[in-house]
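Below, chain A partners chain B and then partners chain C, in two separate complexes.
Our next item is the complex of A and B:
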């Protein structure tokens, strides 16, 4: 079973790759909307990529209000 | 008319397949303009059906298949009227969109929705009129209408009930959550999953397969296995119109239009 740190790391890697953002500049506490400069549709894309990557379902209501990578990782971790 | 380019969509007939491309920036919101183009298409459909085997419905907008009804237009139009006129206007729109979607639903052509990105609300309902949905793995499906104090009004519930189990319909409707294409495939909503950006290509391959079959036989089979849930479709319009009269709907629409927030793609 992955640790929360591993999950967070995979999320940061995925976000960096998909949005072509330097991995070294992404941190668990970052607001992904502001840091990546993404809008709501791009956030949905990220959600879909995370679901596909981790093999989980993340209902929208569970991630509404979530804007940092660490909390996102916690939501995913709870479904692994 | 074998080819047409409208304000919000275009179509062309090629090698026995009609391809209808939705193209209203930013996300194919379904308002009056798209309704008019769809009605124009419905008028041309009989002539196209005599020359084709299949129809593909897809989007040329990057955001996805369709984000649903044009809520801004709905709000702005309803605001200008008294409640009774707004209700009549909504019913009129619904009856027109139902007429077009029912016509597409019952076309003798094998119809395929090639879906990418957002397929929400009225956009989801548009995809549901098709016989098959082929979605790329980045597609998402959603009925967010309850957030506005409404139910899907373009025939979504009767069509979804026709296609998948009631428990899944309840999940989608009562939670308003979006589901990805992998989930949609697992519940039988999507018939084929494509790699990102490949839904249209797979739809074209599938459509070309249908050109090998006798059209009269395919049409008879479709008529047999895909009944139009007419009574429920009429009932859905009535329920929608009753709900629409409540103040909570205009308040929810106002809130969505004026403060979309980080989830601006859905109410």
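Our next item is the complex of A and C:
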């Protein structure tokens, strides 16, 4: 079982790769919309990548209102 | 479609629809690529009427208000129908708002009942203001078996014992209270009557003739006026089918076109641009010879469809593209925000008719619609049936404020006679948008007169509403504006918010303050954030009640600094 720290770290790595963003500049408390400069559809793209990586399904309505990496990690962690 | 002139209320018209097409397919619910259910109009009634009965048995009276807070799904429409059946007033709330904003609007609308999806209810029940809510009954959908419902009841078990009593309403009675924006102390709750909706539905349906077999893919939130009309009233009164996907992910939307042979879909510009990007990438990946051939076919299609769409011809010429859209797509309706003409042109050139329009919640959705005869992507089309448009105080170029008069104009803003009187003047709705009407009757927009922006996702943002979020910062005073309000550009693009900051005397805008501004800004939903700030060293003009005189302040700023003075946050 992964720890929440490991899950968060993997999310940050994937986000950095997917949006070609320097990994060192991403932190768990960051708002991913603002930090990555993405719109709601690009955020959904990221969710799809995360689902494939973690092997979980995250319905859109479950992550409604989530905008920071840490909360996203908590939602994923709950389904691992 | 049904002759809506015969009915006095949405409840009566929808009830007739269920009787008129009992065995036609009404709703399809899919969860991504797995289909969950499909129901006929008869089955819709069989689920909705016990819910209406339970509402009535709970003490819900005619004229009482029931809020709905759900993503797009069948239970939204079933619950809305039950509310209308029981004579209620529906309050569709934007599920994308925060829990505290939801509580604020529930209080403002004085809703008696709330129908809500479990994840949203969980967030609301954990919000600090939760204990103050005055809801009588909360009905929660899809809650996990052992979930704490914080006093709510399960939607799936909320059935009445007896047959419900249909409660008639009059045409001029309120049907819905729809918040066009505003949660920061200025909620704009548009009170829309049954007359408003029935008129709008009759005016727009001839352009999108729903009939049994025609299907609509519901993507725009149903609380938004566009989906409420296109994904509920229009298909129901025409016997069509509404498809809910429970996701907005582009890959599943694309698959749904072919899987469900979609006839119509409404989108906001953001989604349209995403579809455009996907198609462009596919075109670019073609081998050079095929790409050249495609370019030639698109040129032929463009030349042959200038005067009017020719879907049959376009489908033959550009078969592969049309097959990817399911082969039965008759129209994509784009609205909610300004769409760049180049995007509309891209789809028109490949033979996918894009009907761009212009409207607002205050006018019950559409004011104008482009009928594509001929194709005029730089305009937002001509007035829909029954809509009068007048340009107020036009300048030398004919550009002035767009005002409209129609039976679709709302009755009032809820509990706000002052704002109602400013907005509806002698029966004319002042839209706050700048435009001109050309000789052929097409409306072209040139920016906004009012201090407001609309995002590509179709969200109206009034700067005053986000000022609360900056309260208490270490500055003498501050104010948020739409940048185009201070520096008009006569364009509908590049809209952003700007914070005008007046530091304490002797202070400068230093690193600590900037850090705090950035922190506060990031607490706002992404589409509500300010793009930058302007430093201002003079006292803000204020009235006797110490309210900022925004018009004067904006004028002072525009005279002394230009847009380049904005520093990004």
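The criterion applied here is as follows: the second predicted complex is superposed on the first by the 80 of 80 C-alpha atoms of A that agree within 3 Å, B and C clash if a C-alpha of one lies under 4 Å from a C-alpha of the other, contacts with A are read in each partner's own complex, and residues count from 1 in each chain.
The rule is simple: a residue touches a chain if its C-beta (ideal position, glycine included) is under 8 Å from a C-beta of that chain, and two chains touch if they have at least 3 such contacts.
Just so you know, these numbers come straight off a predicted model, no measurement behind them.
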Once the shared chain is lined up, is A:52 touching chain B (first), chain C (second), both, or neither of them? first
For A:31 in the superposed arrangement: first (chain B), second (chain C), both or neither? second
Please indicate which partner A:41 is in contact with in the superposed arrangement: first for chain B, second for chain C, both, or neither. both
Using the superposition on chain A described above, determine whether A:5 touches chain B (first), chain C (second), both, or neither. neither
Chain B/chain C common contact set on chain A: 33, 39-41, 44-45, 48, 59-61, 64, 67
In their complex, what parts of chain A are in touch with chain B? 33, 39-41, 43-45, 48-49, 51-52, 57, 59-61, 64, 67
Contacting residues of chain B [partner chain A, same complex]: 27, 63-64, 117-118, 137-138, 140, 142, 175-180, 182-183, 260-266
Which part of chain A faces chain C closely enough to touch in the complex? 31, 33-34, 39-41, 44-45, 47-48, 59-62, 64-65, 67
Please give the residue numbers of chain C that touch chain A in the complex, ascending. 31, 71, 95-96, 98-99, 117, 119-120, 123, 246-251, 270-271, 274, 456-457, 521-522, 525-526, 529
